[in-house]
Structure formats: C-alpha cells, structure tokens
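In what follows, a single structure is set out as structure tokens and then discussed.
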Amino acid sequence: MNILEIRDLDSGYGKALILQDLSIDVKEGGFTAIIGPNGAGKTTLLRTIFSLCDLYKGTISFRGKDITRIKAENLSDIGLNYVPQEESIFPSLTVFENLRMGSVKEKSREKISSRLERVYNRFPVLEKRHGQSAGTLSGGERQMLAVGCALMTDPDLLLLDEPTAGLAPTLVEGLFQDIAKLNTEGRSLLLVEQNAKMALQYAHEAYILEGGRIKQHDDAANLLKSEEIIKHYLSV
Amino acid sequence: MNRGRKTRPRHSSQDGVYFAMEDLLSYGLLTFATLALPSLGLCLAIKVTKYFNLAYGDIVTAGAFLALLMNLSFKINIGIALLISIALTALLGVFLHKVVFKALMEAKVGPLTLLVVSLGVGLVIRNVVLIGWGPQPYQFNTPLTRAKHLGPFFFTPNQIVMILICILVAIGIFLMLRYTQLGRLMRATSDNPSLSLIRGISIEKVYTYTWIIACGLAAIGGVFMGMLGTIKPGMGEEALVTLFACLIVGGIENPYGAVVGALITAFAMEATAIWISPPYKVVSAYLLMFFILLIKPSGIFGREKIQWKYFLGFLRSRQ
Amino acid sequence: MEILSWILTIATIVAIYSIMGLALNVHFGYTNLPNFGIAGFFAVGAYASAILTAPHRFREMEIFAGFPGGVAGRIEAPFIVGLLAAIVLAGVVGLIIGIPLLRLREDYLAVASIGIAQTIYYVAVNELWLTTGSAGIRLIPMPTGNRYLYFLLVLLLLAIAYWVVNRFYSTPIGRVWRGVREDEVITASLGKSIFRSRMSAWIAGCSIMGAAGCLWAHYSMAIQPGEFVPTTTFLVWIFVIVGGLRNNKGILLGAILIMGFFEQGTRFLPAIGAPYIMPAIRLIIIGVLLVVFVRFRPQGVLPERHKKIEAHIR
Amino acid sequence: MKKLSIIAILVIFCAVFGFAKVNTANAVQPIRLGLLLPYTGAWAWVGAGADPGAELAVQEINADPALWPIHRPIKLYKEDTETKSAPAIAGARKLYDVDKVCGIVGPTSATVRSIIPLTKEAGALEISPTAGTTKLDVIGGGINGEYIFRTVSSDVVMTAGMVWWAMNKLPFKPTKAATFTADTEGSRSIKGGVVDACKVVGLPLVTQIEFALNQPSYRAELKELFKKGPQVIFWEANPATDATIFKQWYQMGYDGQWIGSDFANRTSAKGSLPASEGVIGVNPGVLVNERTNAWVERLNKISGKKGATPFSANAYDAVILFALSIEKAGSDSRTAIRDALRSVAQPPGVKVYTYAEGIKALRAGKDINYEGIAGTQDFNKYGDPITYLKAEVMTTKDPSGMKRIGTVLPEQIKDIIDGVLAIRAKRAKAQ
C-alpha cells in the first residue's frame, strides 16, 4: 500500500519547467530517499507536493486521494508535513512560539500540550531554549526545531528537505538516527538528501533524480552496492 | 533677501528658551499623536505584506471623511463616529486587498509592481472622496476649547485625550503582537510566508487581519489629523511621505521603530518650525529620512552598524 | 487652420512629456531605478533655464510690486545657455541625490524619490531670492519667438533624446545597465561596478528630464512651483506603463494616448454636475487604467523587444 | 499590434474632432465667448463663484433677440485651468483655436500670466474678473500690445480698503499691526499692498510672517505672530489653512482683530467657524441698493445659493462689457472688439446701468459709459478699475457664515491708493 503516489508529474516555476514526467511512490510506513546532484529538482519536487510550485501535468495522491488541488495551508490537516531545507523556522519567534505555529489549527489545548511534551521529550534541548528567539539557535538546534514543528501536527508522512545541510559532520549521524527513529515509530518519510551515502544507509528505497527526471529507482541496499552510484554520488 | 526667513523666531532670553521648549514638547507630542498610529499601521502592513502601499495615505483620508460623514451628516458624537469610521475604513482596506492586491500577490509579482498599482488605487480613492465631498475643507463638530498650561505642556482637553488614545492604542498593538495568537501569526507570516503556508497558517487570513488593523489605525490617524487641522481630500497624500520618513527612521519593519520614528520625526519637524523656518517643517522629515538612509538604511533600530563610509565609499568602490 | 494650431499646442505638450517618458525609460526600463521624483528634476531644469534667461523687465516688475527682486532677470542669458544649464544642473542634482538613493532597494528608492521631488518643490516655494517663490517666474522668452518654430525645436530635441536613449540600449553601457536590471550578481561578477553603472544611468535620465523642464519653461513662458507636484510624476508613469515600458516607441505612443487624447480629448466632453467632477473622473480612469494594465498587460501596448540576458552583458 | 494601435489612434482622433465639428453646425451662428476659470484645483471656489455671474449675463443678453449684440446671441465656451498653467494654456489654446472664441473672460492670478502671451498673439481681448495680483498693475490696457483688462480691482485697492477699515472702522485705534500671509503669489501681492498702505497711513507693522499652506499645524507661526502683541492682523491664506489657523489661534487663547481679503469668504467661514467669530474680510462686493438687490436675486436663481458668490459681479460685468464692445465694434472680430472696449466702459458717455440700456443707447448712436455691478468699471491706463469693496464679518449668527457690516467706496480710499502708487513708482525709479 502506497501512502503517496506521484504519476507523470510536470512542474516548475512560472514558465520554467523543472520536473518532467516524474513518478514516485512512498510506501505506508516506508522510508524513501531521493538523491541527486545540486539543481536536479529535488526541492522543487517537495515544493510541488506541497502545492508551492506550479503543476502543469500529472497527479499526486495521498492515501489514494488526489491532493493537487488542496492548498498548501490545508495539507497539514490531512496528515502531511514538510520540513523545508532553508528558513525552516521563524527566526523572530521564540522556540515555543515556533512550535505553537506548528499546530495552528489545533483547537484542543490538551492535544497541543501533549504533542509539545512529546517534542520536548524527543529534543530536550528545545525545552531548555523554550523562550529563546529561534533566530539565535545553532544550526543543529534549528533543524531539531524544524522537525519538531512538523511533528506538532502528528503527520503520517513527513517530507524532509536535506535536514543535514550545513550541519557539522558530528551532528549529522545523530540527526539521521532521530529521523530513522521517526520512521520506526510508524511514520512514512520522504527524504531529499545530497549526502547520498548516509541517506542510503538509513532509507528503505531510493530514487535518483537528475536534470528533473528520475534516473534510477531501487532498494536503498541495492543502490548502495551499485558501482555506478558509488562512482557518481558517493565518492564526493 | 529672503522674506520667508524673517519669520525665524529668535529666543535669546531665558524665558524665550523655556517657551520654545514648551512649544517643542506640546507641538511635538501633538504631531506625534497624528503620525504614530498611521505610521504603526503602515509598518504592520509593510511588515506582513512586504510591499509599500502608496494608497495608505488616501486610506487615512478615507478614515477622516468617513468619521466626518458620521459626525456631520448623521450627527453622531465624534468618539462614536471614530469607532464607526475605524470599522468602515477597515472594511475598505479588506475590500481593496481582496479586489486588487490579492490576485497580484498570488501571481507573485514584485513589490514594485504592487507599489505602482497602489499608486493607481490611491488616485481612485482620493478622487472618489473629491467627488463625494468637493474640494473645500471640513471640520468635525466638536466643542471649541482653549488650551491650558499643564506643567511643561499646553493642551486642550481633546488633545490630551488624543495623545492618551494614541499611546494606549500603540501599547495595545504591541501587546497584541507579542502575546496573542494573531500577533504570532502576523510575525510568522512576516518572517516567512511560504513556511507559514507549510505550517498550515492561512496567510490570506493574516493579510486580511493585518489590513483591518492597519486601516483601523489609519482611520484613527485621519481623525486625529482632522481634529488638529482640517479635513480635505489631499490630507493623507500630503502625510504619506512623512509617514514613510517615520518608518525609515525607525526601521521599516519594526513596529516599535515605527512609533519611535514617529516621535523623532514629529519633534524634528516642530524643532525645525521653531528654530529654522516653519515652511521647511516637512522638508526636515524628508532630510531626516535621507540621512538615515545614507548612514543606516535599516533604521535606528536596525542590526547593521552606522556606515559612515557610504559618504565617500562610492568613489572608491570597484565592484 | 486654427485647429492645426491647437493640435500643435497639444503636440508640443505631448512631445515634452515624451522626453520625460524616455528619461524614465532610462531609469526604470533599462536600469530598474523606479524614479518617483520626476517632477523634481523637471523643476530643476525649468528653473535653471528660467532664472538664467528671464528678462530684466521681469525683475523690474517684481520690484515695482514690492517683491524682492531675486536672481531671475539679472543674467538674461540666451536659450542655449539655459538649456545646457538645465541639463547640467539636473545631472548634478541627480548625482548628489543618487549617492544615498542608488544603494537602496528599488521600493525604498521609489518612496525616497517622492520625498526628493517634494523637497525640491519646497525649495522652489521658499527660496525667494532664487526662485521668487510660489509666484514663479514669468516673461521667460520663447527662443524661436513663434510657436510653430518652437514646436519644431521641441521635435528636434525629442528626436535627439529618442536617438540617444535608443543608442543607450545597444551601447556597452546600456547593456551593463540592463545587465544590472536583470541580475546584479552576474554583472558584478563580470567586474562592472553596479553603483557606477546605476549612477551613470541615473544622471543620464535626470539630465534628460532637466532638458524637458527647460523646454517646458520656455514653452509656457511662465512657471510656478505648483506645476511640479507629484501628479506630474504620476502622469509620466502612467503613460510609460500604458505605452510599454522599455520600448521607446511604446512610450511615444503612450504619451500620445494619455497626454494627448485622454487628457486633452476629454476637454470636449460635456461637464457633469459640479465642475470638479469631470477632472476627478479623469484621474479615477487613469488610476483604474494603471491597475488594469499592470494586472493584465504589464508589458504595455508595445512590449520590449525580447533579447536574452546573456546578450546584454559582454 | 502596431497597425492596431495606429488604427485605434485614428479612430479616437476622428471621434474627438468629429465631436468638435458637430458643435459648430448650428443654424444661427452665435458669438463665441471663452470663459477660462479654475473649476478644480486650489482655487476651485473662485471658478465656482464667478461662473454663475457669467451665466446670468449671457442669459440676460440672449433673453431678447431684438437686443442681441450685432443680432447674434452669445455662447459661452468654458475651460478649466485646474489652477495650473499647463491646463490653462491648453484650455486657452482650445478656446482660441478650436472654439474660435472672440475673447476670453478669465483666468485668475495663478494662471493669468501664462495666458497673456496667447491673447497677445491672438490679437484678442482678455478680461479677468478675478486676477487682483499687483503684478498686473503695470501691464495690460493696451500697453506693450498686451490687452489685458480686469473687472476686479488690483489688490492695491483691496489692501487699501483693508487698511482703511482697520484705521477708521474698528472700535479702537490700532497702533500695532502684523501681516500673516501665505507664500503664494496672491498672498504676497496682498502683503505687498498692505505693507505699502500701512506706510501711507502710518500704521507700524511689528511682525511680518509668511507660511506654507496646508500644514497640519500653525502653532509655531501663531506664537511668533503674537509675540509683539499686534492689535490688527492682516492675513491671507486659503480656506483649508484658515480653518486650521483660527482653530489653533482660538485654542491658544490669543487676541487681535483679523482682517482678511477676498479669501475671507463664505467657504473659509464655513470651514473655520466658530473659532473665527468676529474675523473681518474686506473684498470686492456690490453696493447695497435696489439695483444690486434685484441683480443678486436674479443671480441666486442661477447659482442656487443665497447672496452674491465671490467674483460673480465681476464676471457678470466682464461678459456685459464684451457684449457692448461687440455691438460697438459691429463685428465679432477679435481686434475690433478689443479696440472698442474703452469706448463703452468709461467716460465720456452716457452712464448706463444695464445691458439693455447700453445697447439701446449704442444703437441710438450715443457714446456710453457702463457702470457695472461690481464697480464703475472705468479703466485706468493699465486696464484696471477701482471696484466697490464690502466689509463682512464671520459669525455663526448668519446661516451663510458671513454678515455684511459695511461698504468701502472708491472715494474713501483714493488717498491711500494714490499714496501706495507713489511709493511704488519711487521704488521702481530707484532701481
């Protein structure tokens, strides 16, 4: 059973066509990675799923339901969330306020506080920084906050855009473990990553995106063994 | 040679200096009361919607005229007329946003295009007001009172009320921004509109609320300007660049800066009127704006340091 | 053939405004510098030339009526000196103003330039010794002595301005300007000073506006600060946007349509109600036109000839 | 696209000028007379005030076909100057070239100087009913080929009236006066007149202040104005500014008698009352007698307002003078009308008080001297008359906001005017 199905997708910005003829599946409870070089259209793909780009052709369905016409602001209601790569937090809001923005539409106070507690349990550093302006956080803390915000809606499918970009190498491993833990708790993940080696180690299956098209699709383990892949993407 | 300059008061005696200070304090505060709230409203509008709305001056005019309509035609007390005007002006702002600006913002045109469009919108509002009321000036129907000396101040009772309302409303807006959900939403949308969408914030709603607040503040400013002077179709347009001066002095997207900028600009204007030449009052606000743009474009509350090198740096710059 | 004479009057106004439109094209169309202070530079040019060329008799009349005489009427320079002074002075004022302005983001620049124009207006109103204040300067001589010949002169200068502005498009400096407009980073990486190229475009445009001001002063033969208000600026913007930003032919067309047919043609319509209503409706229509054009045809009636960005930068 | 726009231009072109052509296709060719006034802009109230006067005159002239000048009715062509010179020039050009008017009534001080060269070139007659600026004092009336006449007196007359009123009609004898004027041409003209007139009557001016119009506050200026305690303040601004000035003057609790010019009118009173209670205006006004009362009644039917609107009498006189000049000239040729004006307006000749009287006398072969509603309309060598002045006070007791308190007659202020002109001539010589 696929939680997300993308079929024959063309999308881009304005008149610039970036993604062409793209088809991707994410399995229920699966962990799918998309790897590829800079400018391959990875971020565009996630933004397209989240209705932030112009879609010219194709369908995107979530749990069998077409979501191409749902506005970005309503996608988090149906169990989807997205952690963008850059500017993934509101720098002028405090950590608490950022998390509160994660569940804007949630009316019940108990649900909010229980989710808040779960995020604080998962990332204890955020609780310490509770009232601090998010703009003053370190890179790793920002990523934790961004993921934490996304978890505030308790999503079934989480789109992650290069969560480790710009982080110190020592932090990367830890963050990936956190992400993998999300998956083992039953959340489906779609991860876009340039650090292909790391991504392939943790993901179940992976797509290789190049020039706006899917070049290869296989189980992560197989790809990790493929010599061509190693030569192209992992040697960097 | 220059007769205009003959009007320059010379305060040589101790007494004169005291009176000049009294003038500066009183008039400065009154000018501040007319500028602060529209400046704050314009600041919020720019902060959230990210473009300069040149129709804002004419929305100030519309606010004053709507209150005038209530006050003169329907014989409503000025206080209640002000409240009704706030509501109607807010409606006007929302209407303009939905009809004109929303579609353009969704088409992702640049801030400059929106600025040019707002110019056209302002032209329309100003001339609709002109058709409705004609070019002559109007006054609110308020009781005429003499000003009294109160310590270092010289105010009429109405003016004291105006200054108090101004300060209280400004504090209210600050508290709203800091502690309410709407304030958080506005700050979040201002920080990053597309992330706000991802987080499930309906930024369209935030824009709507922002316009309600901004136009409500514009209405208060328009009524205050009318209470101090007269009400005429060009009043807001004349005030617009002064409002921008207030914003730029304080830092364009900083609400506290907008109010402090209004304070500084108001005092600079009145000081110019007292010590230099009354006709150059408005020019002093513009010059202050250029000076700030020259040394610290982000305003006095901006993060960057004062850049004196800009004065001469351009001569050497090679890239 | 008196109708011809009237058409000529309108044509002269249109031609002078077209020159301003072309200058705005250099500022905004080529270099993305939204100048909302056109009226200011227009005023600088008009006053520079008027002060230099006004006759002694003007000064005598001023003094008779109990006004301070001022500079105007002392020099009595020929027209060509006035024109050159207008061009140079507008350029110098542009340079001084450009130093703080040109580093700004485009919308800041737009707002700040409105303030500049207003400042120039207040100077014109208040510095009596220089400008004779709100009363303005009159008896400015028309160099050709005859309106028909003057129209030819304006036409000649319009042709020169058109040629110069057109040349700018394809000369190396024009390419750098457009490069700055399209992508500052690329242009800067090619070793071009953004600030300097912006400044050169800014000064060029300001000078052309000054020349238009000079032509206006000698055409109306009497100027006063009240003419140099923001409405003048907005009219130029409107016809440039309607006609087609970045296309010089479009600007001429826009000037003819808006300044000629719309502004003057509506004079033939019957008055409705109170006399201030018709002009107000005219301005409302202009406002709506602006919104509609930006919304549905941002490129104007005649769009820019499309050229690739790479071709701009060499 | 290009072709399309060219076609569009041609279509608009044909539409515009087709419309112009339709206008000219009338059976009886009327005499075309231009009316160039500011209907919009800063001085819109001047145009709105003068317009009914001109309309009334045309109505009276056209009422009886037997008395039409040269047996043709008069048709007014109106243009708006927008109180700016560019539209004024375009408007005047249209009047002269497209509407082919035989002369122009108008415009105001703000734009009159841009129009003079056009009138000169057209060889036509221009009578301004509103331009009081003293800068016209030395031009017009046939000097240097500039045929600019006025049916409103020069500001010298009005300011002489203001100062005369201050010296003779106030409950006290003032010893200290001040001027408080805007920085516009009109206001400076008033100020210049007041300064010279005060010299003539020996009233010391302790403070002279100029200010910019339309500011939100004038407190600094007012404070400065009253520092030396002037008892009389001669002021001119505009209605919008008056409202602010008087409100703040009242709030600040100052004293002093304000005396204003033609800008102290009903519009100003409406905007500034009740703060401006007791402020006096001395400005062109009709006499109070049977003739003018009947005239005001006729005017009210056209204007729909009570009383004589500002400059309506002057505009009325200007149109009547045009009609009489046309009859005298015997054609509607521009130059002939221009040259005939003085012979119908001033002595020698039989004094006539209405258009009908005048045209009958002309047809009987007599010389006439039209005595207007606004004044005797006897032009001096510069084409300026001395008109009647009235004094009004702003008060809430009158529904219109202004109550008439007296009249200033030319003979009462003649000495002051002569004195001012002498001072000015001396100054011009010294230069």
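Letters A, B, C and D mark the chains as written, and numbering starts fresh at 1 in each.
By definition in this document, a residue touches a chain if its C-beta (ideal position, glycine included) is under 8 Å from a C-beta of that chain, and two chains touch if they have at least 3 such contacts.
Everything numeric here is computed off the predicted structure, so don't read it as measured data.
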*Could you compare the number of C-beta pairs in contact for B-C with that for A-B and name the larger?*
B-C
_subunit B and subunit C, separation of their C-alpha mean positions in angstrom_ = 29
*Go ahead and note the Å separation of the Cα centroids belonging to subunit A and subunit B.*
43
*For subunit A and subunit D, what's the span in angstrom between their mean Cα positions?*
77
*Quick one: report the Å distance separating subunit C from subunit D, using the average Cα coordinate of each chain.*
33
*Return the residues of subunit B touching two or more other chains; collapse runs of consecutive numbers into ranges.*
3-4, 134-135, 279, 282
_Two or more other chains touching the same residue: where does that happen in subunit C?_
122, 125-126, 133, 274, 276, 280
*So which bits of subunit A are touching at least two other chains?*
none
*Determine which chains touch and list them pairwise.*
A-B, B-C, B-D, C-D
*Residue numbers on subunit C that touch subunit D, as the complex places them*: 2-6, 9-10, 13, 60-67, 69, 122, 125-126, 133-136, 138, 142, 147, 220-224, 226-227, 253, 256-257, 261, 263-265, 267-268, 271, 274-276, 278-280, 301-302
*Which positions of subunit A touch subunit B when the two form their complex?*
14, 50, 52, 71-77, 81-82, 84, 87-93, 97, 100-105, 149, 153
*Once bound in the complex, which stretches of subunit B touch subunit D?*
3-4, 6-7, 9, 19, 23, 26-27, 30-31, 34, 134-139, 144-147, 154, 156, 225, 228-230, 232, 234, 238-239, 270, 273-274, 278-279, 281-282
_subunit D to subunit B touching residues, read off their complex_ = 40-41, 44-45, 183, 208-212, 214-221, 223-224, 227, 239-241, 243-244, 247, 250-253, 267, 270-272, 274-275
*Footprint of subunit B on subunit C - complex, ascending*: 34, 68, 70, 99-101, 103-104, 106-108, 110-112, 114-116, 118-119, 122-123, 125-129, 133, 188, 191, 193-196, 199, 230, 234, 237-238, 241, 274, 276-277, 280-281, 283-284, 286-291, 294-295, 298
